[in-house]
Structure formats: C-alpha cells, structure tokens
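Quick one: the structure is below, questions incoming.
Think of it as A, B, C and D in the order they're written, each chain with its own count starting at 1.
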Amino acid sequence: MTLDKLLSFDWGMMAPEFSIVITAILLSLIDLFMPNKVSRKPLALLGLAGIIVAIVFAVLQVGDPVGSILFDTYRFDSFALAFKLLFLVATAMIFLLALDFEGESKWAYRGEFYYLLMTALLGAMMMASSADLITLFVGLELLSISSYILAGIRKRNFHSNEAAFKYVVNGGIATAITLFGMSYIYGLTGQTNLYAISEMLVDPRVQENSFLVIMAFVMMFVGLSFKISAAPFHMWAPDVYQGSPTPVTTFLSVVSKMAGFTLILRLFFVIFLGTQGWHNQILLDAQPFIAFVAGATMVIGNVVALRQRNIKRMFAYSSIAHAGYVLVPFVSLSLIVFKTTWFYLLAYLLMNIGAFAVIQFVTSREKSEDFTAFSGLNKRAPLTAFMMAIFIISLAGLPFTAGFIGKFGIFMSSLGTGHYILASVMIATTVVSYVYYFNVMVQIYFRKGAGNRIRPTAGLAVVMVICTIGTLLFGIYPSLALDFFQSGFDINDLFTPSE
Amino acid sequence: MESILLSALVFSPLVGILVLAFMPNTEERLLKTVGLLATLLPLAFAIITYVGFTPGNVNIQFVEQYRWIDFQIKGLPNGGDFTINYDLGVNGLTVVLLLLTAIVSTLAAAASVWIKEHWKGYFMLFLLLEIGMLGVFASQNLLLFFIFFEITLIPTFFLIGKWGYIDKEKAAYSFLVYNGLGSAILLIVFIILYMKTGTMNYTGLSSFLHQPPEVLEQMYIGDEFRFGLLIALLVALGVKLPIVPLHTWMLKVHVQAPPSIVMIHSGILLKIGAYGVYQFGIGFFPEEFRQIAFWIALLGVINLLYGAFIAFVQVDFKRVLAYSSVSHMGIVLIGLASLNGAGMQGAMFQVVSHGLISALLFFLVGLIYERTGTSLITHLGGMAKVMPITAGFLLVGGLASLGLPGMSGFVSEFMAFLGLFKEMPVLAAVGTLGIILTAVYILRAVLGMTFGETKESLLQLKEPRFVEWLPALILTALIVLIGVYPAVLSDILQLTINAMMAGKGAVV
Amino acid sequence: MSSVPLSVYLVLALILFCIGLFGALTKRNAVIVLISIELMLNAVNINLVAFAKYGINPGITGQIFSLFTITVAAAEAAVGLAILIALYRNRKTVNVDEMDIMKH
Amino acid sequence: MNPLIWIIPVLPLLSFVLLLLFGRRLKEASAHVGALLTLGSLVLSIVVLLNQWGGEPVKETLSWLTFGETTLSAGYLVNPLNALMLVIVSLVSFLVQVYSGGYMHDDDRFPIFFAYLGLFTFAMLGLVLSPNLLQLYVFWELVGVGSFLLIGYYFYKREARSAAKKAFIMTRIGDVGLFIGMILLFWQVGSFEFDEIFAAVEAGEISEGWITLTAILIFVGAIGKSGQFPLHTWLPDAMEGPTPVSALIHAATMVAAGVYLVAAMFPLFQASEAALTTVAVVGGFTAIFAATIGLAQADIKRVLAYSTVSQLGYMMLALGSSGYVAGVFHLTTHAFFKALLFLAAGSVIHAVHTQNIHEMGGLWKKMKWTAPLFLIGAMAISGVPGLSGFFSKDEILAATYADGRFGLFWIAVIAAFLTAFYMFRLFFLVFTGESRGIQEKVKESPVSMTFPMIVLGILALIGGLINTPFATYLSDFLAQNEALEIHHHETRWWIPVVATGVSLLGILMAWLVYVKKKVTRFSESAPDLHYILLNKYFIDETYDYSFVKGTRALSYFWYYIDRFVVEGLVGLVTGIVGWFSKIGSRFQNGQVQLYSSVAFAGMAILLLVVAWIGGYLT
C-alpha cells in the first residue's frame, strides 16, 4: 500500500484518538526531560487538557455518518462514539482524582502514571471502535497492559505489587482464553473483519462444525467477562481493587469495565447476530446461560459485599454486582439494549467515580481503608457526607438519582422481554445491597467520629460536585441524556457495514 | 390543566428544607419553630386544594401533565413511544388523604418538641418525608407514585435509626429491608404493566385493563397473568399495610421510632398500603379482585383477630398500639374485600380515622414517655390522679379506637362490617368477635395505665401545659367531628368510590 | 505429497493450551506461571497459523494476527516479569501461594 | 314544638360540656347547673308527654351519611312509649342529681361526677328519641360509656376499675348481637328506620327465619344491657359506682333500656313466636334465678342489684308473653320504687359508712325519713296491694297466664314470693332490732337527699294508679301506637289474690326469721345451698376459668407464634444470606490461581452444559 493510499483516509475522524496519543507522547517526553525531583502534578493538568480536547473533537463528531479507515479495521459509528464519550469523561475525572492522590511521597514524582492512563484510555477507545479482531485485540491489550502497570505503580507497596501480579496473571489467562476463542472464529471464517465474519458465519460450511462456533462463543465470553469482572471471572477484582491506588481502582472499575461492555456488545452483536446456535439463533440459545451468569454475578457481588469491612473491597464487590446488572439488557436482547446499557453506564460512571472520590478523600485523610473511617463524616465534612449519601442512594438504585432511572431502564428491557426470573433476582439482590450500602450511611450519619473538620482539595471537590449534579440531574430529568442519545446516535448503524 | 397547585403542595416542604439548611445547628427553639412553621405551608396548600375541590365532579382534578421521561422504543405492543409523564391530580379520596397527611404532619412536627438532638437534620428529613407522602397521594402515574413511595423510605430509615430508642438501628434496618422488598415487587409489577400497556397513567391503565378479556388475551395479558400481577401487588402492599404475617417489621418500628415519627408512620405511611390496594388492586383488576375477594376478606379477619389477640397480652403500650394497628388494618381489608359502596367507604373511613386515632394515641405515648420515661403498662397506673387531662385524652383515644359511636372509629368499623355482612355474613359474624376483643385489650391497656392506685413513681408528675396537649385536642375534635357528622367525608368520597365501583376506576 | 491434516494442528494447539493452563493454575513458581501463560498464547498462534494455511477459506490475515499476538504476548510477559521483580524486591519470594495478603 | 323535642337531650349535653370546661371553677355550684338543665329537659319532656296524649307520633330526620345509593338518616321520633320514657329518664335523672348534690358534697371530683351524669342523661334521652336502629345503637353505646365512666368513678379503687371494665365488656358482648342483628335486618329491609322495618314485617317481606334470627340477635343486645342471664354478672359488680349512679343507671334507666329496646322493636318480636318465647323464657328464668341469689347477699346494694336483675326479668317475661303494656308499666313503676330503694340505701350507707347489712340494724329510730321511705319501696316491690308494684306485677302475671305460659306463670309467682322475702329480710336486718355495727352518731341525711326520696316515695305509692284494672290510662295511651296490636286480657280474679298472698307470705316469713327468729335462717338450715347462693352459683368463676383464661391462653399462643414462628422464619432467611456471604468471602482466599481456576471451571461447565444441551456429546 502506498503513501497516497495511506493519506487518502479521512484521518480527521480519528481526531479524538490522535489528541490522546499526542498528549500521551508529549507527557512521556516532558516526563523524560523534567528534572527528577520535580512533582509531576502539572503533567496531570496537561493530560486533562488533552482529554478535554479529545472530548471536544468527539462531541463535534456527534451525528456524523458512519465512517471507517484502514480498510474497515477501524470504524466510526454512533455506537463507538457514544461509548468513547463516556470513557473520555470518566478518564478526565480520574485525572482530577489523580491530581489529588499522594501515596507515599516517592511516587508523586512519577509521570508514567499519567501517560499510562492515557494509553489505557486509548486502548479503551480502540476497543470501542475497532471493527477487526486484530485491532480489537490490540486495543484490548493496550488497555490491559497499561492497567497492569497502573495497578502496580506503587512499587514499594506490598498490596500494590500483589494486586498487579494477580491482575497480570488473571489478565494473561483471560487474554489467552479470549484469543483462543477468536482463533476458532478466524479459522471458521478466514476473516478478521467483524462484518465479514458475520457474513461468513451463516455459511453452511461453517454450520457443519457449529460446535466450534459455540466453543468460540463461550470462550470469548468467559475471557471477556474478565474485563467486566463478571462471574466466573470476577474473583480477581476485590484483591486488585483493594491493592491498586484509588484512582487506578476507579479507572478499573469504571473505564476498563465500560470498555469491556462496549467490546462485548459490539463483538457479539455484530458477529453472532445471524449465526445459528444449536436450536435457533445462537444469541437466543445462549440467553439462559448468560442470564445465569448475570444472576450469579449479582448474587455473588451483593451477598459477599455484606461482610466486607475494607471500603475499597466492598465497592469492588458492588462493582461486580453492577456488572451483573449491566449484563441484563445484553441478555434480554430487547430493542433498548444499547440505550439502557449506555444510560446505566453513564449513571454508573457518575455515581461510582463520585463514590471513589469520596473514598479516596476519606481513606487518605484517615490513613485507613476500614469502612469505620467514615464514622461521623457528616460532622467532619457535612457536604462531602451528603454527596456520598447521594452516590450511595444512587448505587442502591433509589429514586431521584440516575442510578434509579438506569435500573428502571434495565428492568424495562428485561421485563419487556419476559425475563421475569432474572429481574426478580436483580431486584432481590438490590434489596440485599441496601444493607451494605446503608452500613456506610450508618457510619457516616449515626456513628460518632473522632477528629475535626476536613475539606477535600479542589480536584476532588470538583469531581464530587460534578458527579453529584450529574447523578441528581439525570435522576430527576433523565430525558436530558436519553434524548441526547436518541437524537445524537443512530445505534442501528452499528449493524450496517461501511462499504 | 395548567394549575400548579398540586406541585406547589407536594414540594412546598422544600421551602422549609432550604431555610433549615442555612440555619445554625444549635438553635433548638428556633429550629423547632421553623420546622413546625414549615409544615404549615403544605397544610395551607392542602386546605386550599380541599376547598377548591368540587365534590360533585368525578373527574381527576387539578391535573398537571408534562412530558418527563421518554425511552422511545419503537415496535412494542403499544407500538408507540414509551413516554412517562409527570402527572399529578386528585380525586375525592386522595384530596382527603392529602389533607390528612398535611394535618398529621403538622401535629407530628408539633410532637417533635420531644426530640433531643440534631434538630436541624431531623426536621429536614421530616419535611423530605412529608414530600414523599404528599407525592404518593398526589401522583397520577405509577412511576411517580413509586418514586415518592421510595422517597419516604430513606428519611424514615434515618428518622428511626438516629432518633429512635435503644434498638433503633435494628428497627431501621428491618424497616428498610421489608419495605425495600415490598417496593421492589411493586416496581416489577409496575414495569410489567408499563411494558404491556405502554402507559403508566392510572386512568390510562385502568381503561386499558378494563378491555374485554379476549382483547387482553391477544396482548398476552391472560387471566393467570392478571392474577399473578394482582397477587404480587397484594404482597407488595401487604408489607406496607401490613398483612399478617408480613407485619413484624412494623412492630419494631412502632416500638423503637420516636413518637412523632410513629404518628406519621402509623398515621400515614401504613395508609399508603391501603390506598395502593384500592387504587391498583381494585382499580386495575376489579374482576380478579372480586374473584379472590373472599380470601382477602379472610386475611382481613385474620388480621383483625390476630392483632387483637396478641395486643391483649402486651405489656408495652406501644406494642399494644402496634398490634392494634395490625388489627385495625384488617378492617380496611374487610371493607375493600366487600366491594360494595358501604364496605369501600368503610375502608376509606377507616384509613382516615385510624390515621387520626393512632396519631392521637402515639402523641399521648410521647407525652407520657416524656414525663415518665416509660410506656410499660405495668410501670404506669393511676395516672388519672396526677394527670387527669392526659388520662382523659388517653381514654378518649382508647374509646375511639375501640369503635365507640360518636367517634370516627365507629363509622368506619360499622360501614366495613355493613358491607361485609352483605357479601359474606358468616365471615363477618366471625369478624365481629374482633369488636369485643378490641374493647377487651384497649380497656385493659388504657385502664391499666390510668385507673388503679397511683404508682409512687408517678406521684410528682404534673399536668402538661395547654399548648402541649393542643394537638391532642385538635385530633380529638376531628375524630369526634367525623364520628358525629360523617357526611363531611362521605360527601366528598362517595362519588369517587361509586366511580370505582362502576369499574371505571377514576375517570378523567 | 499429502500434508498433515488441519485437525492435528488443532489438537496440538488444544493440548498446548491445556498444558499452559494447567501450569498457570498449578505451578507455585511465579515465573513458571508467566511462562505457562505464554504457552497458552502460543497455542493460539498455532491455531491461527494452521487456519491461515488449511482453514475453510485460508488467507494471510491469520499469520498477521499471529504476529500481533506474539508481539503483544511479549509485551505482556515483559510487564509481568517487571511486576514480579518489583514484588520480589519487597517480598523476597516468587512463590505464588505466598501472595495472599489480600483475601476474603 | 319541634325545637322542644331536640332540646330535651341537648340540655344535659350542654351541662356535660359546661362542667367539663368550667367545672373546676364552678365547684359545688356545678350540682345546680346539672340539676337545673336536667330540670329543663324534665319540664320539656312532660310537655311532650302531654302533647302525645291523643296526639300524633312526631318524626323528624336529616341525612347523616350516604354510601352508594343509600342514605342513612338521624333525627328523633316521639311516640307514646318514647314520651313516657323521656319523662321517666329526665325525672329520675333530675332527682338523682339533686340527691347527689348532698351525697357527693365532700368529693373532690364533684364537677366531673355531674358532667358524667349529664353525659349519661344526654345519651339516655337520645336513645329514647331514636327513630332508627342505627341511632339507637349509637346512643346505646354512649349510654354504656356513661355507665362505664360512672362505675369507674372511684378509679383509684381496683374493684371499681375491674367493675367498670367488666360492665363495658359484658354489655359490649350483647351489643355485638344487636350490631349483627341490626345489620342483617338492614340488608333485609334496606333501612334502619323503625317504621320501615315494621312496615316490611307487616308486608311479610322478611321470611320467618330471618325475623326470628334478627329478633333474637337484637334481644341479645337487650340481655347485655338489662343484665339478663347469662350476661347479668356485670350488674351487681356495677354497684362499685356511687349509689346515686346505681339508682339512676343500674335501677331506673339504662338497665331498662333493654326492655325499652324489646318494647320499641315489639312488632318485630310479635312476628315471631320463637323470638317471643326466647324473651319470655330468658326473662322468667332470670327473674327467679336472680331472686334466689338475692336471698343470700350481705351487701345492701348487691341485694338491690339482684332484685333489679330479677325485676328486669319480670319485664322481659311480660314482653315475651306479649304483655306489652304490662312490661312497660312495670318498667315505669320499677323505675320509681327501685330508684327510691337505692336512694334510701344510699342515705343509709351515707349515714353508717358500711354496706354490710349484718353490721347495720335498728336504724328505724335514727333515720326518721329514710326508714319509712325504704319501707314504702320494699312494700311496693313486694307487691303489697295498693302500691305501684302491686298493679304492674299483677299485669305481668295476668299477661303470662293469658299467654298460656303456665310454667313461667308459676315461676313468676314463686319469684314474687322470694322478692317479698329478701326485700323484707333486708328491711328488717337494716332497720329493726339492735345495731350490730359500731355506728355512733348516725344522723338523717340532709334535705337535698331526702327530698328526692320523698318525691319518689309518693310516686311509688300512687304510681300504680295510672293503669289499674278499672282505669287503664297507660294501655290506652300506649295503644295509640298503631304499629302494634295490644290485646286486652281480662284479669282473672284469683291472680291478684295469689299474688297478694305470696307477697304477704314472703313478708311474714322474713318477719319470722329475722325479727321473731322463730325460724332458723337457712344459712344454718341449708348451709350448702346458702354457700352456693352466696357465691352466685359460681357463675363469675366459671366465666373466669372458661372465657377469660381461655382468651388469655389463646392470646399467648398467638403471641408466641408471632414471636418465634413468624420472626423465626425471617431470621432464618437473613441467616441463610449471611451464611452465603460468609462462605463467599471465605472462598476468596487470596490465591490468584484459585481465581483463574474458578474462571476455567466456569468455562468448562458452560461448555459441557452447552454441548450437552446442543446434543454435541453424542
């Protein structure tokens, strides 16, 4: 392929990615040339700026027609864009968290933290919009490997080390499993482009050894369930979340999880929509199993969370449970899969980042990750306490918060398609979750806490406020988001291969 | 169409919340005064609504409708966009309930003088709770109802858990979990209905569900399906009502929560269950309801007797009242199950009258506890000597709740039984046993506290000041008013009930 | 000349994959665990290459894919080892089952 | 004249309210307030009564409550019976209030007492004026409350408390009967109005069975209020209340309400033989049953109480034998002489500060007014010729006989004998002989107490003249009410003779036993029998062991079910969840390889199941 061919692509579409890449490179260079003992805090601001630029570009792209470059390996459709926006916003806020985070004095100087976040974000974005197994895999790994390092970035910290190692081992195995599945898909179709694959999969010759298809299906699903920390690949989450520095935990529990969902949605819907299973469409055949997985995830997450005392661990389990919730639309295959998933992820983004912001604030001030660190918070930081209450209420899915509307949407999609049992499991586990969520509330409001007033730094405060406003706003007037999604993104173009 | 009266009514407590938000945490008297004044605003609006309501008109009045949430799902049974409106409105029943809510809230706020600490937070939550309760009755669609319903959950949890007695947190949790489960089931039912019919508006739903069965059959809303939904509804609301055996949480709450909150709780919150059964159970599934009416009546009688029996051997007056609430809610079920004018109206009367009576009794509990530090019948006794007026009110409250003619309790009890006797005389006859038992346990408890030799511990007690028993006076006045001239309620209620009876549900 | 049928490659890959998995799940030595993961990834490579040659509709993409896989695997291994070294510095052990300060 | 009527009950209500509000300031004056207001309603009642003489029944109603298409109304109805009752009630109430002015003067809750009296009088008058069953029921209950409050007036006395509770609950049991009967009747007739009910009964719209059922249920209410067997036990205990209360409520008015109820619903009863028989039998049995108990009691008020029960039995018997006039007549006369007796007893107690007749004696000389008045009362109730009781009791016997209930007739005769005996036993023990107690300086009660007694005494003397075999004013008067047909039965000449005979015999016996001591008291002659009678046939104990204890046991049973079964299930569920949580977090043992193993296992299982379901394993 020649240079002019290369130039013929409309690279402009890639503007958001480029701005991220460039920022990443800039960060690394600056980090390289900065004197050693100088704090890298400014880098965070730079990164933030880069992300904001990316956001601007992305927003400008809203409503554009489907486009693709590099021979359809990388496509720009509303689906990708919609989720990219979430990643960008989330990461932007995580940068603000990172700005505040000082672990042991050493690593405040380290710049890689910031540009690794960048690359991880880039990986997520690639996952969102790649239309080819290869790019998709590369994106996935870009995200994974960066986050392995991020998890372990506190070199001197036992927990951090261990977290990183556990993450790397599990991640490696997950990758291997996923890839193994992919290799079968490739083998059966001889294609790596998703749309080409979906056409090939209906080919009778493929149908002959449909078991391989199903095997591939299962393996890819299990492999990817690692990213979204859903059963059966969920157990790493608590340890890794606990061990990683809080901003990273936030990143893992929000961005990386969202990326996982994006990948699953795109991969499975595009590839397998037409494919035969053992009775009828494979997605329909698989429904009960995925439903079971989702149910198990909710149960495990919520039930085990009851006994957690370490706040980060508790929220790890809670995020496992939420993974279960988000799987429900995917199971139900209703007409609003994307809308509900997207909205729920949006809500999840806001409330979870908000909650982690407060957690980072409290744990770093109290030098303790035990959930009693929250005791009497409403005396020491009333406003923060109030905002935490909002996040918790939203996570518990109680009204006037985005979390409720999100759950509502999920219920609509599941009950509309008659998945009564799954819905019941979800509602029951939700009620269970009240208990541990409100345990934190009890700590904040009922228990007497030691110590005097504490106030969050600007970065944290901004994040908290944004998240609070968002949570309430989308809870009280969700149409804001829903209409934006409805008008801005014509999700059906996910299925129209670009010529 | 475009009156914002109801929105004003529902959200008027916000004013108080905002004012309180900017007040110092320590000014006890000031905070209490503001808290009390704040409840007067909704009261005023409620009165305006009540006065402005035209009883002669069956339609939903003061309607407000705005597009709110829009999921825009194409190609579902109703084929349309799934829009959920923000819509409020009142009918003859809800306007009464709104007024009741406002009144009881104000009096409960007055009863909050006995709150010892954190007045600011207390009153903010209190007002939030009031928003929830008002919203529940004012809303005209399921989602809105549910949202307000859950709104009541959170403040109540805190009010019980922070300002209650020794075992408060346990009580708060069991409140949370039970009601959480209840509302969860409720939510599922609501959403199923929504997905099947594409609307959440009461009127829309009832008119949709009142189509001939075969039509519904085509929309996959078969008989079993409807029955399933109805049962689920009854279970969900049965937690709130409460129906035996789903009642245990409510005992804990009654015993542990501060009196002012119990006034609200047993005065209003329990009534939401009754209202739900009426509005959804009967309004949406009249035919199915009719078919299981016997079982509901049976449950009602069980509630009535079960509560009465157990109340007879309680030593803590609060527990007596708790079980008596169980028993009295049985009468609501009885009335509803009879499905005729008399019964339904009896049930609704019971909703109102028990609201007032239990508010009165728990107010007195607070009054007594404040002075004696106990509510154990065995520790009290001969109060009539030292606190004649309080004792008098206690006696009045007791007589009212055992259904003495001339007080609201009698009217409701009488109507409910009148209704039931028409439909199922034998069951009703069994139920009347409850009338005797009620007299038995109420007198045992009340006389145990007021009559007999005065305990030494009580001898130095003094009669509360006038302002302190003013709320009791107001409640008594209302109870007697309804008892002596029930037309004040029935005139405004009956059209709505007749409409419901006609199977139309509420008509816009 | 008749060539080795596809199925043989697939079985080989599968066996390799299982060996790798077994090692990753049972070995106590962290290094071996990482190596086993490499093994699993290489099993994938065998699959890809075999399919690329003998697949239902063979094509070059498979080999391209395997190139990517190899690269990424290498990166992953590098990172993994780096982390392991960091951990070894602190804990003076590469024994997997001693890495459980976070549990329950 | 309408305002006249509805004002009648309002005046006492007014006194209730006034005394409740300002009683503390009025102090002793509150007696005057109460008495005067009651006097007002007395005057009005008399006017109404005179208007009724030859006048038309008056009925006014206004809508009270509407449901569906039905409208329930409230209002007032005046017919001869009501008018008569009005006078009786307001008269006795007035006299009692005057009396209480003296009797209660040193009581510190003086105003409250009169307030309660006002409340009761209001309720009683309202009851009498009710034009329909519902309203009657309402006031019926209110009357009960009035009585309850007054019985429990000495609230600090344990006995008073339990007596009040007992009175309320026992009557309530009866009331439920009335409640059910009334509602059933409503669904039969479609209205609570008396006239419509009677019309329906006339027209035979209601089946025999329904009539009987409802009539009996309504009669159950009467049983409760009028202390008929088996619900009589509360009435004697009710004597814990102040004596004027006993006179007003538990002798003259409220307990007569049962009789009034049956009389008011008489057309309904008449329509069913079975119902009438029930009434008659219960009445007759109660009459003799209570009389026997009365023989052995030592408490002066309890003796009177049992005599009341038995007299009420008489009235029921009369009504049951369709002796409408007889019943109402006896109600009237009984109101007079029993009130008199109670007031007299009150003045005795007031003087000697004991109620035990064995500690009294020889009061004849000391109490110049009380003793003769008591004697008049005793003679009247024993049916000494010429006095009021004579005529009314005579009527009853005649009616019973004419109705062909000979068994009951003879029972009634025996009862009459017993009555005479125990009344004079009482009289002799209290007033004749030597003082057995330790009462020094016993003095006659003040005029405020004697005056009412005198009035009642006169009425007890001449009251009978309103309906003698020669001049039947009362029956003519009552006959104006065309709703009921009153058949006149010519009195057989020997009945009065027998009646007189037995009563005189009774008096003679009493004289022999207690004054001349010729005959040994049967407490010595038949100690066992005496023991049984003294303990009122152990009815209270029976009830206590069966119903009270039974209910308590049942309650505890349910309570423990609630505590352990229901709560237990809840605990079980939470326990299970907690257990799972525990297992779950134990399983999370920090071993990274376990984590991936789980994932792999999950994958393997999924694959296997899919393969199995997909049928790839074959």
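Everything below uses one rule, namely that a contact is a pair of C-beta atoms (placed from the backbone, for glycine too) under 8 Å apart; a residue touches a chain by one contact, two chains touch by 3 or more.
The shown structure was predicted, so the numbers you read here are calculated from the model rather than taken from an experiment.
The central chain here, found by comparing per-chain C-alpha centres with the mean of all protein C-alpha atoms, is B. Chain D has its Cα centroid 37 Å from the Cα centroid of chain B. If you average the CA atoms of chain A and of chain C, the two centres end up 26 Å from each other. Inter-chain centre distance (chain C to chain D, centres taken as mean C-alpha positions): 97 Å.
In terms of their C-alpha centroids, the spacing between chain B and chain C amounts to 65 Å. Each of the following residues of chain C touches two or more other chains: 21, 24, 33, 96, 99-104. For chain A, the set of residues touching two or more other chains reads 165-166, 169, 173, 177, 238-239, 307. Looking at chain B, one finds that none of its residues touch two or more other chains. Contacts between chains, counted with the stated touch criterion, involve the pairs A-B, A-C, A-D, B-D, C-D. Interface of chain C with chain A (complex): residues 10, 13, 17, 20-21, 24, 30, 33-34, 37, 40-41, 43-44, 47-48, 50-51, 55-59, 61-62, 64-65, 68-69, 72, 75-76, 79-80, 82-84, 86-87, 89-91, 96, 99-104. Those residues of chain A whose C-beta lies close enough to touch chain B in the complex are 334-336, 339, 393, 398-400, 404-405, 408-409, 411-412, 415-416, 420, 423-424, 427-428, 430-431, 434-435, 438, 441-442, 445-446, 477-479, 482-483, 486. The residues of chain D lying in touch with chain C in their complex are 585-586, 588-593, 596-597, 600. Of all residues in chain A, only 133-134, 137-138, 141, 144-145, 148-149, 152, 155-159, 161-166, 168-169, 171-173, 175-177, 179-180, 182-184, 186-192, 200, 203, 205-206, 238-239, 242-243, 307 touch chain C in the complex they form. Taken together, the chain D residues at the contact with chain A in this complex read 577-578, 580-582, 584-585, 588, 590, 592-596, 598-603, 606-607, 609-611, 613-616.
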